[in-house]
Amino acid sequence: MEKYLDILEIAIYGSAVALILIGLYGALTKKSLIKIVLGLSIMDSGIHLMMIALGYLKGGTAPIFSKGFENSADQMVDPIPQALVLTAIVIGFGVTAVALSLVIRLYRHHDTLRIDEIKNLKW
Amino acid sequence: MVGSPVLFVAIPLLAAFLIPLMGMIWKEFVRIIPGLVLAYMLVLSVSLIIYIQSHGTIVEVISGWGPPVGINLVFSPFSGALTTLMTFLGLLVWLYSHKFKRNVDYEPAKKYFILLMLMVTGSVGMVLTGDLFNMFVFIEIVSISGYGLTSFFVRRDSAEAAFKFLLMGAFASSFLLIGIMIIYTQLGTLNMAEIAQRMPQMDYHMKVFSLIFILVAIGVEAETFPLNGWAPDVYTQAPGPISAAMSGIVVKAAVYANIRIIYTMYDLQGAYEYLLIIGLITFIVAETAALKQERLKRMLAYSSIGQMGLAMIAFGIGTKEGVYAALFLMFSHAIIKSLLFFSGSYLVYNKTSKYIKHVNGMGKYLPITAFLFTLGAFAIIGLPPFMGFWSKLALLSAAADSNLVILVAVILVVSIVEAVYYLRVVNRIFFFKKRANTKPEKPTINAMIAMLSLAAIVLVIGFYPDLVTGLIERAADDLMDKGRYIGEILSKN
Amino acid sequence: MNVIFLILILFLVGAIVTAFAGKWSSLLQDGLFILAVTIPAVLFFTQVEMNQLVGWTRGGIHLELGLTPFSYFFAILVLLLGVASAIYSVGFMHGKARKSYYYFNYLLTIMAMLGILFSRDFISFFVFWEIMTWASYLMVVMNGTRTQEIGIKYFVFSAIGAYAMLMAIVLIHAQTGNFLIQDFIDTYPSLAHGRQILIPILLLVGFSVKAAVMPLHVWAPGSYAYSPMSFTSVFSGALSKMGIYGMVIVFVTLLSHLPEGGLIRDIIAWMGAMTAVIATLWAIAQDDARKLLAYSSVGQLGYIVIAVAIGTPMAMLAGLFMAFMHGLFKGALFMVVGAVEKQTGTTDFTKVTGLIRKMPWTFLTALISIIALAGIPPLGGFIGKWMLYESLILSDHYLLVIVAFFSSTAAFLYAYKFLFGFFLGQEEEEWADVKEAPITMLIPMLALAVGSILLGAFPQLILKPINNGLISLGFSDSYGKLWETSTLFNEWGDKVVLQPIIYAIMGVFLTTLAFTYFRNRKRTRYVSTKDISTSGEIPLAHENLTFKENFFQPFLRAVEPVMKKQIDWYYREFGAGLEAIFNFTRRIYSGNGQTYALYAVIFLIVLLLLNGNLFGQ
Amino acid sequence: MEILQYIFGGIITFLLAFVVGMTFGGTRRKIIARIQNRYGPPIYQNFIDAFKLFSKTSAVHHGAMHYMGPAFLMVSSVVSLMFIPILRDGGWFPNLNFHGDLIFLLYMMVFGSLGMALGAGQTGNPNSAIGVTRGLAQMVGYEIPWIMALVAMMIQFHTTSITGLMDVQLQSGTWNLFASPFAFVAAILASLGMFRYAPFNIVGAPAELASGPASENGGKYLFTMMSSHSVFAFVKLTLFADLFLGGAGNLVELLIKTFLLYMIPVLYGVVNPRYRTEQAVRWFWGWPTVFGIIAIAYAVWST
Amino acid sequence: MQNDSRSQKIVDIIQAYARRHSLWILAYGTGCGAIEIPSTMTSRYDAERLGVRGAATPRQADVLLITGYLTVKTLKRVIRVYEQMQSPKYVIGFGSCAINGGMYWDSYNTIKMLDQYIPVDVYISGCMPRPEAVLSGFGKLQDLIKAGVADGPKRYEENFDWYRANQKKIIKNWNFADYNW
């Protein structure tokens, strides 16, 4: 179990980092607006994952004072990262929504989704 | 105590929700409510400022959870001064855009004012909050409302600008999250005062990493050099008052966050040098880029970036004089740049492209607007006896007192570039022939009042800077006194 | 309220009121304008007491105003020209556009100049200096011609100067902790050596710009030429002297404590000399009266700078005396050009000829002023030039004598060109209807010309205030020494020998006239300028035989190597190069949002890599 | 009484200068004629010409400046004359020469030219204006070696006064011609331009410009010009004699010295054609200026 | 000159002497006679010893030399030049063309009788006159001046209407102002 958890922890951290890097790669190299938005979302997810992982206590319980767990405050995982992630997810959701709506308008305006062709504003 | 700092966040947020609802009752409420709210906030902040002069900093604890656990709002002389400035500018922006653009009817106006309210909420929240994650939330509120406002005009390239803003903003929020995360894992708290208190315990490399992530993230909003690609586009494409609000409210809040983090939370000396160097680079690049601009608002945008660079330089000096100068710069820049954006958008009113050449000969058709723009231009160049001079003097004097002779020289040389491009526009306004296809548009009466009140401030402060210097000095004292900040907040426990 | 404040506020209020009075009545505006200049002027001469300090505080900075004997001398010049030119302006601006604008800026400029002279601390000095700069900038661009070129050039150079000064001021503040001029002068000898050199040089750069010293003079010709002539007479006559005012203070109070002071003085003197030569040559090449006078102003300021920079007691007197004289005659000359421009609509020598019989009083002013400019005895210009040469020789600056003398001789060329171009030559049909300038324009012109004559006979009228001023600066009693060192002044003690000389000249002149001309006066007929001996050919009425194109071509051919390129050219190329670079750097903002994001990430990575170095503890 | 003496002395000086100048002019004509293998006019021919011009019965003028131009010239000559020390000890010529100051003189000498130039300008005759511009250009040309020579003397002897320079020569017993030879050469070369004889007669330029500034002047104007030129020639020669040849103790000495000095430009002139303006100017900025520089260097070195 | 006082007489004598020994000539070189003037001035004949000397402009000249025939066109210039000269002034007609038209006697546009248009003091005959003749002409003029009969301007003034009528007969396009005595 311990070993499993260790591996899991590494896997979670690893996948978080991988997600962040994938997201970065996508957002920075792909020319399609949609893909860029996707990349941003992926990166966000990676970060959220990482935050959760950081707040995780090995073998801890959910940070809820329910029956049977009245005195196990030091057993609980840290609640704050979870709260933060919730907020962050909401925000990320909002950003993505705005981004997609902007993509729609850009497509209407420019008839393309390639970001390097949308350069009316420069210098 | 006449009110609580919570109201600064709560009331505009509430107003943002109420606007569509009240709008169903009477459409004019959509335009009126924001004004009432902002006016109330202004009154509130002024009275709070007076209050804290005798009673000391207000630390407001939300829902009973004291620091460091709960979220707290801090109304110190520093944040209070900024809040007053922001609400005042917000009020003027509302006044200016109250009837702006006859083509804006109920639906767009509703969106516009909701987003404006959100933007004010976020900015004021950023300034008042004493909690790092809360700051993140407010930054996101500001950003999202900013995206929306930027893309307000459908027919322009506004979506492009908004998308660039969003792209940068998304990266920034990711970085900020990472930075906050590092701090939290290391120190286990998000309260800024407590972070500041515990900072010496933190591992050096972690400290630096977290600082870098946070600086880069906030730097996007604060328009530091390599991160400010969005800013010219957004200023160009956003509605005129929003450009003013961006430079006067949002960026100020971001700079505040930047400074609060560096001055209060961290104890890294190198951060000051970072501010100095990056500020200088920002200043130079922005001012030189502005020289050959063809669009008026883009030029103003670069100028705005440059001025923020100047403020960062001043903060980077790190002495009390430096902070004083920086605050003064921020204050005067907020006022003057708003004036410039306000009057500038009427000078190039009817054109979507807003080329500088469209201001040709406007002095004859829009004499007052042109005069106000000129006043703003003169003030921002730093010509006495206008407001910009005193702030520039404070900056240079602070730099000289710290023996940074080269810095003084560089700032002054670049200021010449600034003077050149502003005067080129002024010359065009007054001494060029109007182009045949430009139609001058008279400013509405409310816009005129907004501009005139800004101009009055520029002139009055120019002749009598003592009106604000006391306030700014106290704010600077407040920022410099880290121990008192920590003490005041943590003692609320 | 103190009278100094009162004067400044009267100007300010006058400016605003005058600017708005135009909405109701043009006549009221003119009247208010003249009152707004004269009332403070009268107050100044009757009420202001010497050495009275008024302190006040702005923005936490202690400021002081007051009048010293030295600034009193310059204030005389400023107010004299200010009032004269104001009266002239009323006639000149009659029926022209932007009258309110003109009056406003005019009053502000005068106010700023007085403010500079009143300032006893650096901040008010700088504030007034900048007000003067932008108000005069607005005047330069007023006509709307070539604003982007001339106006911007003026402003850029003013800004270079002002910012150099500002830098010096903040450095001074860093040293002394306050901005008072006197405190700085007192602490100057105890400063570190580097600062001791740096601060005066920066201040001198600031003042040299206004005084149009050689590498920084390129703004002057254009600005003098393109601002309205009625203002240019103040601009060139009084405003440029503010640079001299500052220079003298720096030389006397600061550089005298410095071992390297002599070297700096010599360098500046040589810069002044080169200014005089080059500007004179360029003045000769001009075909436009305004530009000719503009270059000539630069050249004349060159002499003044030489004298002031040499700084022996006599040279100092010479420089300041010439500064005053230059104000008088150049003010009058610009007014002459203004009158011609007003009456004919052009200032081009190749277009206007033969106005002498149409505008005799204007010609008389021009003649007297040109004689004063050329430094020909008996007018005041000569006394200044002569003191300059004598002081240069006595202080062993022989090469400077040659250079100064050369440019002074070459000045005859443009002096003649000026008189010939407008007033002499054939009388043309095209200008047959030209009338004499209105009386409001004539009176100030003639008054200034009379001033030139008067100072030629009684130079002590102005030498005494100069000397008082210099003594109050801590300079030696130069006026007393004048009688010991000079060969022309010392004959009868305190009396200037020039007076009998002048009477002698006048006597001879009159006798000659009487002797040769009275005899057959009756038989002398007037014939028109068409009746000239051109091989019997009769020029028709519309034919103009006046020699006016390529006027000094042979001379210019001789000096061609020096004049191949103007210094202006180098600045232009430099500016164009800078703009090209800036144009290139702004391509950083490529327009591609992704690139911006990439910048952010790269910036982050760079910072992370640098962390130890950048944020070292 | 003193005043009367001054006035009387002034008149005597003027008459002397007039007679000497005119005679020298006649001599020049005679010399030129003899060099051209002609008999030539009598030496007093200039007096006859002057009197004839003076007795012309009609005259025209083109306006006030034209009317007064020659008078300016005359005033300039006479005033210059008043400030030149004619003899070492004043003697019969008690004029204002004790103030004799070089700088004052230099400026006084151009005063008349400028007045004349104005008069010439008002005639409207293009030849006059062309002549004036040439004259002014040439003046700028020769002033350089001339002032260099003078400055060299000033360096050497530390005075700007002519009488001072004469005293120096008297005390040391050597003429400045030998004490500062390069200055003398430079000054003499400059004097070629001052006298405006060929090859520097570009102002009047016979057969090219009619007679330049004098084109419209006849009768009394020409008389005034002619006599003031004569006086002026005397002034210049006396100045040279004072500066370089130790001045003169009596009239005969003065006449010999001035005559010898006068021969230099005259003889140089008769064998030379005319320069163009820019050539003339450049000529003065060539060797004469080099001599001037050498003179200054020599003066600095020798003190 | 009407003044009879003794001093005036002396002045008159000197004046006459000066005038006849200082003849500044303005050579109006219309015809082949122009070539004779330079040789008169050269070293072989040397007119300068008589006080004869070239003048640059009419204003300075005393003697107007009409060296050859005059056409309608040149007559106008000659009249102008003559009128621009300052009194006392003299005119010498030079060669037979100036006297009676000479070989151009029947040409339609030459002037035959010069003294119908301007008052001529001396005619020098010959076609062309040699320099010796020119010199003798000057001598004759000097004699006339000495005798006080070379009063061309006076005659011109007195008979101005007649002269002008004659001139206008020849010159059709008369476009300069009458001489303002």
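As written, the chains take the letters A, B, C, D and E, and residue 1 is the first residue of each chain.
Everything below uses one rule, namely that contacts are C-beta pairs under 8 Å (C-beta built on N, C-alpha and C of every residue); 3 or more make two chains touch, one makes a residue touch a chain.
This is a predicted model, so every value here is computed, not measured.
Taking chain E out in thought, with all other chains where they are, everything left is connected by touch in one piece.
Under the contact definition stated at the top, the chains bordering both chain B and chain C are A. Path length between chain B and chain D in the chain contact graph, taken as the least number of steps between touching chains: 2.
Here the chain at the heart of the shown protein, by mean C-alpha position, is C.
The distance from the centre of chain C to the centre of chain E, each centre being the mean of the chain's C-alpha atoms, comes to 58 Å. In whole angstrom, the spacing between the mean C-alpha positions of chain A and chain E is 117. Taking each chain's centre as the average of its CA atoms, chain A and chain C sit 69 Å apart. In whole angstrom, the spacing between the mean C-alpha positions of chain A and chain D is 100.
For chain D, residues touching at least two other chains, in rising order: 57-60, 210, 215-216. In chain A, the residues touching two or more other chains are 27, 36, 118, 120-121, 123. In chain E, the residues that touch at least two other chains are 57-59. Here, these are the chain pairs in contact: A-B, A-C, B-C, C-D, C-E, D-E.
Listing the residues of chain D that touch chain E in their complex gives 29, 33, 36-42, 45, 48-49, 51-53, 55-60, 204, 206-207, 210-211, 214-219, 222.
Here chain C touches chain D in the complex through residues 354, 356-357, 360, 367, 371, 374-377, 382, 385-386, 389-390, 393, 396, 398-399, 401-402, 405-406, 409-410, 412-413, 415-416, 419-420, 423-427, 487-488, 491, 497, 500-501, 504-505, 508-509, 512-513, 516-517, 519-520, 523-534, 545-548, 551-552, 554-555, 557-559, going by the rule given at the top.
The touching residues of chain B, when paired with chain C in their complex, are 160, 163-164, 167-168, 171-172, 175, 204-205, 208-209, 211-213, 215-216, 220, 226-227, 229-230, 232-233, 268-271, 273-274, 285, 288-289, 291-293, 378, 383-385, 389-390, 393-394, 396-397, 399-401, 403, 405, 408-409, 412-413, 415-417, 419-420, 423-424, 427-428, 430-432, 464-466, 469, 473.
Against chain A, in their complex, chain C makes its touches with residues 586-587, 589-594, 597-598, 601. Listed in rising order, the residues of chain A touching chain B in the complex are 20, 27, 33, 36, 40, 43-44, 47, 50-51, 54, 80-81, 84, 87-88, 91-92, 94-95, 98-99, 102-103, 105-106, 109-110, 118, 120-121, 123.
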